[in-house]
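First chain A sits with chain B, and in the next complex the same chain sits with chain C.
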Partner chain A sequence: MNEPKPMSDNAPVSPERRRFIGAATATAAGLTLVPGVMLIEVAHGRPDDQAASSAVRWGMLVDANQCATGCDDCVTACSTENGWTPVAESTHPTQAPQWIRKLELQDPLTQMETNLPMMCQHCAEPPCVDVCPTGASFKRADGIVLVNRHTCIGCRYCMMACPYKARSLVHESLNDTQKADVPRGIGCVESCTFCVQKVDRGDGTTACVEACTAAGHNALVFGDMNDPESEISKRLRELPTKQVRADLNLNLGVRYHGI
Partner chain B sequence: MTRLLMVGAIVLTTAAVAWAGMEDDDEPRSGRVPRPVITEPIKGERCVEDEAYMRRNHMKLLDHHRDETVLRGIRTKKYSLKECINCHASEKTGSVATAKEDFCVSCHSYAAVRIDCFDCHSTKPQGPIAKYPPSAEPTHYKHEIDGGAQ
Partner chain C sequence: MASITFREVEGSSPKYWMLFGFLGLFVLFGALAWNSMHHHGHVITGMNNQIVWGLPHVFAVFLIVAASGALNVASIASVFNKPMYKPLAPLSAILALALMLGGLLVLVLDLGRSDRLIVAMTHFNFKSMFTWNVFLYSGFFALVGAYLWTMLDRSVKTYSKAAGTAAFIWRLTLTTGTGSLFGFLIARELYGSSMLAPMFIIMSFAYGLAIYLMVLAAAYAWTGRPLGDAVMLRLKTLLAVFIAAVLYFVVVYHMTLLYFASRQDAVAFILRDGGMITTLFWVGQILIGSVVPLVILLTALGKQRMWIMVACALIIVGGIVQMYVTIIGAQAFPLDMFPGMIEKSSFFDGQIHHYSPSMPELFLGLGGVAIALLVTTFAVKVLRLLPASLDDATVAKLEH
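Coming up: the complex of A and B.
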């Protein structure tokens, strides 16, 4: 009997076949109850009219061993995506907002150097939310810690409460230089948003992660920590990771390997 | 008696002419009180709601939608400020609040209502304005077709 030859792994897959497989997977992934309501929603493709869900917890893994000395692609990508002026180009560098910054650490005993990006750690128990007098600092259902600029009064309590120095105040008028997707303005505190505009769009990644991957360092992984099948969950299961200031018991959304 | 009637007729005619004159004066004047210039949107034929309703209630719709978006991550397009800007940005300045005649500013300066939306929000659509030709279909139409989802 002539068995049909199994298709080799290297065989090019035609776009039609790809589309068919995509459609078949999409149908299999969610059982349609009534039009528009799915029994199982795929976390990454949340529809526009659906609120962020606590079934998802967005998180990031930073592999400090892969993070290259002198590289600040993640910082540049963040500033481009979110429209904040890089510190070097700012007229007031000491006041310039920083959503993410590169740190170079050295062990005083062994002289060992470590590189890592530091940004909002998206705590499950965020101190910035505890201290906010107006409720402007809040944690979204999917674990992203944000500032509601409509209620922020710029008091900067959250900046003092944050153990990671992750937040900045916008001191000067931005004169309509904001990105359409990222409103930000004078007198409000801001910090890393895990690129919430991209996450809500369904990109499933952030600007810094994209830049790090594009540079070939692969030091950053972003994903849903509640989904055991996501890349970040798999990596977290395999690698020993640390939370910065774990003693504070804040259950961080950003985990570091190699520190 | 005839004289009285004639006087009456003259008074009435004058009043009628004056009345007609007032009726005719519908265009924006450059007099002491500047009227708002309401420019046609650069795309789409109608707004998400009636014009009269929008003039009175746009702030309520925007306020509600901003909380839904910021706090819950609901990003529907129908009442989103970004979509307002996409349609109403001026062809000249590419913005809704840069020049005096731009859509938001022209009414708000007339009504003497100061808005701080644009302290934080960009007044321009994302990308070049040419991206939105007058015939382009606004995104919020799609939502009506999809069953009026907000």
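Coming up: the complex of A and C.
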């Protein structure tokens, strides 16, 4: 019969076991803490109760030289991420919302062709925000221009004011393609949100950029234009870029190279 | 100064109730149109993501502009002290209120979320011209309402001039606001011009007076009250002056745009290349809306009541066409994001945008017109707005 070891037994625990317990504890602590640290430091994710910060200005670089003819992966990715029906599948193409579209340009004199995606330019001085009667159109501190789904009355004045034709009215009842984190609604105006749900989650990128990179074109870069060390800031320092309708002096969040 | 007897119209004849029922029917059609637009969404209209403001805005803006113009006759009486116009003032004020009501109803019922009107009344962005207009419209109701009160209630008659002057200044500001809804838009070549504000003011003078004259003549003809030529002939000359001024502004506005190379294509679209829009501009706005009425009003034809009415009707039709050209025409021409380049996309960039108004839009707009006329028809029955007689002898006494 085995007698239980008395509690006072001070026989030494094996050194291997002690080391194992120490390592396991450290690993567990590490696994718990690291993602949080990574989230804050790498991707600028922020908790729900923390307001967007003006220290950040989200922006996008479009390299039109890399943007492939006939490729619309960015458009498809946007529609999948944000739950809007692709125009090709819509029964009312002139009324279907399009958050992003591929624009084909041709110089009639030189015949040179350029491809680029066009969407909300996330102006620092957005005309849509100026004209919105209820303040539903607004710019977040981090530069993202959005529409408040609860106070938009569907007057469409912002659509009259936008120089980029970036906005769409939802003309009919929405089907079940809606996403839980992308509120939409009939009778309201909507446009590109820079995938704000992804940005706030800490992904640090947008669906269109991910798709463009995955396709190997690397025509799109997203990031914090206020952070001199971000990839977008570095690229913007090197590449000559232009703003569309720069004459309007709206200080755009989307900059184009190769136009 | 001789006194004038104001009297309600009896409003018990079958003819009155037929008019009432006819207008009521169009109000009902308007309500049904709104109901289906609200139920199905704007998908059942001809509007889309290219032409975002359609026929309802054409009617709404026309009625709002005409509303402030309809107040002119009253303004001439009290602000500019012309006793001959005093008996004409109450109808002028009620017509202004009625047209404004009709226009605003069309405007708010065309919202994507017309059920959220309360949001528009409680959330304000003071950088928006639309927000300014919300206050200008409500102020208009308050001031013109008070002004009408000073005309109808002898105990507050002494405030009439003050109320009239306030309403006059307010209506000039209001139409400046309406014109600036377009004038303050930077995106489109045909807008973004301070010319639009004064041009809308002078247009309001013309449209408002044309509607006023038709309503006045109809009211007197249908109630068998005498309406002398003295009143009509003086007002028709004023109308001719307004129309000439409208033409002047239209010419200067387009000439200014033509001088800017960046805006030439857009102006050429309206004046030469726009197909239907160009036809509407030259035939509807210029010929029918301005030139023909001017010829009628300034020649011997303008001495006949019948022809004055024809001229007024043409000015009203021309005014609605002008709003169509101003609102739809400017949207039909594509945004020029990359000047000098040919643009192509799934979102119809670089293309002329087409618009076919739908039945619900038409009936919503007509519903606004019907509401305005219905309110006027009812008001002349319950309030003492119309002088019992406006024959030449009665009017002549007023000026001495």
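Everything below uses one rule, namely that the second predicted complex is superposed on the first by the 213 of 259 C-alpha atoms of A that agree within 3 Å, B and C clash if a C-alpha of one lies under 4 Å from a C-alpha of the other, contacts with A are read in each partner's own complex, and residues count from 1 in each chain.
Criterion: a contact is a pair of C-beta atoms (placed from the backbone, for glycine too) under 8 Å apart; a residue touches a chain by one contact, two chains touch by 3 or more.
Remember, it's a predicted structure, so these values are computed and weren't measured experimentally.
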{"item": "Chain B versus chain C as contact partner of A:248, first or second or both or neither", "value": "second"}
{"item": "Larger contact residue set on chain A - chain B or chain C", "value": "C"}
{"item": "Partner chain in contact with A:188 - chain B first, chain C second, else both or neither", "value": "both"}
{"item": "Chain B versus chain C as contact partner of A:73, first or second or both or neither", "value": "neither"}
{"item": "Partner chain in contact with A:155 - chain B first, chain C second, else both or neither", "value": "second"}
{"item": "First, second, both or neither for A:52, with chain B first and chain C second", "value": "first"}
{"item": "Contacts of A:173 with chain B and chain C, given as first, second, both or neither", "value": "both"}
{"item": "Touching partner for A:81 - first (chain B), second (chain C), both, neither", "value": "neither"}
{"item": "Touching partner for A:63 - first (chain B), second (chain C), both, neither", "value": "neither"}
{"item": "Chain B versus chain C as contact partner of A:210, first or second or both or neither", "value": "neither"}
{"item": "Contacts on chain A seen with chain B and repeated with chain C across the two complexes", "value": "173, 186, 188"}
{"item": "List of chain C residues in touch with chain A within their complex", "value": "40-43, 47-50, 52-53, 111-114, 116-117, 119-120, 123-125, 127-131, 134, 181, 184-188, 331, 335, 337-338, 340-349"}
{"item": "Chain B contact footprint on chain A (complex, rising order)", "value": "36, 46, 48-52, 138, 140-142, 146, 148-150, 173-174, 176, 178-181, 183-186, 188, 196, 200"}
{"item": "Chain A-facing residues of chain B, complex", "value": "66-68, 70-77, 82, 85, 95, 98, 118-126, 147, 149-150"}
{"item": "Contacting residues of chain A [partner chain C, same complex]", "value": "87-88, 92-98, 101-108, 114, 118, 127, 129-136, 151-157, 159-165, 167-173, 186-189, 244-245, 248, 259"}
